[in-house]
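Look for chain A in each of the two complexes below; its partner is chain B in the first and chain C in the second.
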Partner chain A sequence: MSTRLARILTTLFVLATVLLPIYWLVSTSLKSNREITQEGTLYPHVPTLANYVRLFTEKQFGSYLTNSLVVTFVSVAIALVAGAMGAYAIARFRLPLAMEGKVGLFLLTLRIIPPVVILIPVYLLMLSLGLLDTWLGLIVTYTAFNVTFCVWMMESFFREIPVDLEEAAMVDGDSRFGAFRRITLPLAAPGLAATAIFAVLVTFNEFLFALALTATPRAMTMPRGTATLIGRIDTDWASMAAAGVIGALPIVFFALLVQRHLVRGLTMGAVK
Partner chain B sequence: MTHSSRLTRRSVIKGGLGLALATTALTTLGLPMAARAAGKKVIIGAFTDGGLTPFKQKIIPQAKEAGFDVEFLEDEYGVTLEKWFADAQSGAGQYDLYLLDDPWVPQFGAANVLEDLGAGGIDGSDKDWIGSMIDMGYWPPQQGPRVKGFEDAKPTLICVPFVGDLQTLTYRNDVFTGGAPKTWDEVIAKGKEGVAAGTIKYPVVFRGVSGNPIVTSWYPIFLSFGGSFFDDKWNPIFNSAEGKASADFFVGTMKQNAPSGVVEFDSDQEGAAILGGEAGVIIQYSGNALKADDPAQTKVAGKLDFGVVPKQEKAIAQMGIFIAGVPKSAPNKANAIEFLKWYTSAETQAKLSEAGSIPVKRSAFGVAKPGNRLIPVALQQLDAGALPRPRTPDWAKVEELLGIELNKALQAGSGGGAALDTAAKQVKDYLTTAGYY
Partner chain C sequence: MHGAAQARKYRLQGAGLDLALPYLMLAPGLMIVLGVLVYPLWDGLRASTKIYRYGSPVADAGFQNYLRLWSDAQFLNSLWVTVKFVALSVSLEAVLGFALALFCLREFRGIRLLRTVLIVPMVITPVVVAILFRLIYASDAGMLTVLSEAMGGGEVQILGNPLNAFIGLVVLDVWEWTPLMFLILLAGLQSLPHEPFEAARVDGAGAWRVFADLTFPMMRPVLAVAIVLRTIDAFGTFDQVFVLTRGGPGEATRLISIYGYDTAFKFQQTGYAAALFVTIGLVVLALAFSAIRLLRRIDAS
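On to the complex of A and B.
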């Protein structure tokens, strides 16, 4: 009995820990700024959707959201295509001696460099290319980051797929690329989905480069646009909470769509 | 089942993508249509601040009627200085007009990235300007010490005042029943009476966060105690006897009469304390003061009045105006200068005053129906005394060094004078390294 009680209490504690921030965000988004800052209520005493309306009528949040969706999905799509081919090449072909076994580490090193270190060079590059404050500038930047991540992550997925299947297809007359596209890639789909989720999460939430590379609602992404609600004297907390709720929805939606693949993808490569 | 599930997912994805593409197309098509709708394009960059609300709501529509196609872009205060400075220096040309915080003018001036507005036809000698405000638009300064390299340079009008923001006192009229408290001693004494009567919880509230917030809150007290920041050779003298007395009063007496968490307070918390009815007085800029009569923004509407900052020796506030500069890389430079001429005309300034924002021309303070009770008080404060922060491109660094030491003393609840000695040494060392002496 005591064990059961402990389990229930532990479950409740974990649930509260996980759900409380979400509750607080949603609850705050339904309060007025006065209620948030001056009254500190546990739940909205006078629930209002005005904060959501204000985001779209006064704060150009529709543009921020559109920019985020376009930039994220285009850059992740390009990175997945390029990354899949790169990862396949590393997994299947022998590389020059000095590079054997080191490419993955090299790509990982590129990914773990603190972004702030290369922020200024990227800014100057985009300036010289005339790509500041454009979708293209962000897409190019995010794609560069995502490709390294995709290659590094997908390499292990391709290694898990028996090469015999491709060879059988080629014996039957398929080309190398055809075997890759028709045999290997479908088998690696769970890994592709897992990679896509992580890439989408990282890209959709990215702030630093969006901060440096965008200046107007034409290109500002959702996290970047939300930051404009922070004022010198007063901050629109209610709208920020509403922005948080709306901004979380596409990611939650996307994760729900591909969660089946995510679980399979995460266990690919695990010890059988 | 599996098949139907796959179809559903696919159809949902397709639907979502279709929606995203449709929204994208509408947005992309919509932006140029909006841009084509009006006449002379002017892209204004501003940091988010409640003090600009009347301008956004009332003046921009009038500007459109006057033939300007105003695009107003807001950004977070903390990033605007770096963003705009990079924009101006690199010539990226993303803005026609920056609405700067006035301490930033020296940095932009020293970098020579703003247009000469005097050459553009804006008359800085017009007697209708509030003198202390138009002075802030010149680089190098017309009066006071100058930084190295600009000793003999001719002052150029690179910015014009946009909103005449400055600190004033907001107080509870049911605690200070005889009108605005005249001295700091009165603030504390009557505030304690208000606490004892259960009308308020704390006599005073201010910002204690390290850096700009705490320095901004301490500065009017420092000025009121008779302090001066630098001598005419850029030697720090803020740790004079007057300065130390002000700092000791600030981290000691004021802290004891403020909310317990004041060390971590920024503008949101101090705004909530006064608008929520907890505090007796606050010295603040117009962003929160403009909310004092709005029941949707405050629990004590009708109980908040405005006055000149209390004095110890003098009643002097800090000025922190919005000031407009046109980058040399502005894509619509001529439009921006024409807009500024229209905006700073006596007629438009009068409309700004009627809209509730503090104007920058003296004539506009005298309109029959100013849109906010704060406006005549702001003029009283200007006449009583209001000073800008020292005109150096390195003010942000100075403020950071001083703010750290003041915050430490505030945490301790004592040692304000010693904190100023430490900060003065650090500032001196920093300015020495920067070649000031």
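On to the complex of A and C.
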């Protein structure tokens, strides 16, 4: 009986710790700035959606959202295609100088280096290419980050799929690439999904490069746009909270939708 | 005759294409990685040996930028703050995550809800996580102040006080990343073999003995991987600090990434900042590779 009680209490404590900050964010987003700073209420006494309306009418959150969705979708899609092909090449072929073993390690090394290390040169590169403050600049950057990770993750998925299946398809007249596309790729679909989900999360949430590479609502992503609301002397708490909710909603919704794959993708590397 | 030659030609072309296939498949990914990651790395290395004025190189500095780091009190402070932050956050996350994973190993009602809810902190945009905690810590309108005033207390100072701000940042990181630690360790626990535990139960071993003699030693590799992953990640923490404290008050929460960013973009010392970032990169790589070697040794023994 007492272990059961302890279990219930621990569960409640964990739930409260996780959910209380989120409750406070949502509740603040429904208050007016007056109520937030002067009355200090525990819940919105006069709930209002005005903060949300203001985000979209005055603060260009529509463009931030569009930019985020376009940049995330395009860069993840390109990285998945390029990454899947690259991973297949090193999982299945012998290359000169035993490159098939080294490419993975090389990409992993690149992945370990904190992104902030190449921030300045990437900024200078985009400056010289005239890609600052454009979708393309962000897409190119994010695709490169995602490719390292996609290749590294999908190589192991392809290795798990027996070669016999491809050979059978090739005997039946498929080309090597055809066998890859028709047989191996569909079999690796769960792995592809886990990889894609992880890439979407990381890309949608990215802030550092968006901060350096974008400057106007033309290309600013959601996290970057949200950060513009911060740092003024007179903080607009209500807008900030509403921006937090709008920024968090798509990604939380997405994560809960694909929960099973997500957990697999997050834990897989470590437990193996 | 003509037809046969044509067929042979096609076959050869097919063979040629198949020979080139691995390179064709590798090329797109490798090209973008070389262009956008490797070239900038090289460029950063080059920039780190130069002195910049108004965004363009004016003189060669050799290793001067690197040497200057070690007499720069602000750099040394940011390094120290980073080490403290990483050590404290990651060890707290490991302990809490492990405890929670052990707690959730047995199925009980509500566990699915618990697991679902625990996904939320680590998927929310880090910038938004920082906003969450600003709304909690703010001295005029934050949750802590509101709660304290509701109970008759006064304003709670978190972000204005150096020690409190640092602790506040660690709390944020623990809130955000304990769930990841928990998920990795739970998966590890679930993949342990059953037999040793049954044998121990038959022998009448107590819960603590089972943990100290079986669970912990068997979990050590997974635990090590989880800690290494988190440590590498925590070293690069930027977004949350940028939004929560911007490194302040004073230099209390100025992590090395924030200092590097300011050096590059606020103070425009491009070469010096590049040297700083190269140094961070080398430290993290050294850390990662020694961790990998350590893990191999654990695996072998």
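Methods note: the second predicted complex is superposed on the first by the 244 of 272 C-alpha atoms of A that agree within 3 Å, B and C clash if a C-alpha of one lies under 4 Å from a C-alpha of the other, contacts with A are read in each partner's own complex, and residues count from 1 in each chain.
Going forward, a contact is a pair of C-beta atoms (placed from the backbone, for glycine too) under 8 Å apart; a residue touches a chain by one contact, two chains touch by 3 or more.
Values in this document were obtained by computation on a predicted structure and should not be read as measured data.
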| item | value |
| --- | --- |
| Touching partner for A:S175 - first (chain B), second (chain C), both, neither | second |
| Which of chain B and chain C A:A199 touches, first, second, both or neither | neither |
| Contacts of A:L30 with chain B and chain C, given as first, second, both or neither | neither |
| Partner chain(s) touched by A:G244 [first = chain B, second = chain C, both, neither] | second |
| Of chain C and chain B, partner touching more chain A residues | C |
| First, second, both or neither for A:G62, with chain B first and chain C second | first |
| Which of chain B and chain C A:I139 touches, first, second, both or neither | neither |
| Touched partner set for A:V70, first chain B, second chain C, both or neither | first |
| Partner chain in contact with A:A219 - chain B first, chain C second, else both or neither | neither |
| Partner chain in contact with A:M153 - chain B first, chain C second, else both or neither | neither |
| Interface residues of chain A shared between complexes with chain B and chain C | 37, 124, 211, 227, 230-231, 235, 237 |
| Chain B - residues contacting chain A, complex | 9, 12-13, 16-17, 20, 23-24, 27, 31, 43, 45, 47-51, 71, 73-79, 83, 86-87, 90, 92, 94-95, 101, 267-269, 271-272, 275-277, 284-285, 287-288, 291, 296-299 |
| Footprint of chain C on chain A - complex, ascending | 7-8, 10-11, 14-15, 17-22, 24-25, 28, 36-37, 40-42, 79, 81-83, 85-86, 88-90, 92-93, 95, 103, 107, 109-110, 112-122, 124-125, 140-141, 143-145, 147-148, 150-151, 175-177, 201, 204-205, 207-208, 211-212, 222-223, 226-227, 230-231, 235, 237, 240-241, 243-244, 247-248, 251-252, 254-256, 259, 262-263, 266-267, 269-271 |
| Chain A-touching residues of chain C, taken from the complex the two chains share | 14, 17-18, 21-23, 25-26, 28-30, 32-33, 35-41, 43-44, 47, 100, 103, 108, 110, 113-128, 131-136, 138, 140-141, 143, 145-147, 149-150, 175, 179-180, 183-184, 186-188, 191, 222, 225-226, 229, 232, 235-236, 238-239, 242-243, 246, 257, 260-261, 264-265, 270, 273-274, 277-278, 280-281, 284-285, 288 |
| Chain A to chain B touching residues, read off their complex | 32-34, 37-39, 62-63, 66, 69-70, 73, 123-124, 127, 132-133, 211, 215-218, 227-235, 237, 253, 257 |
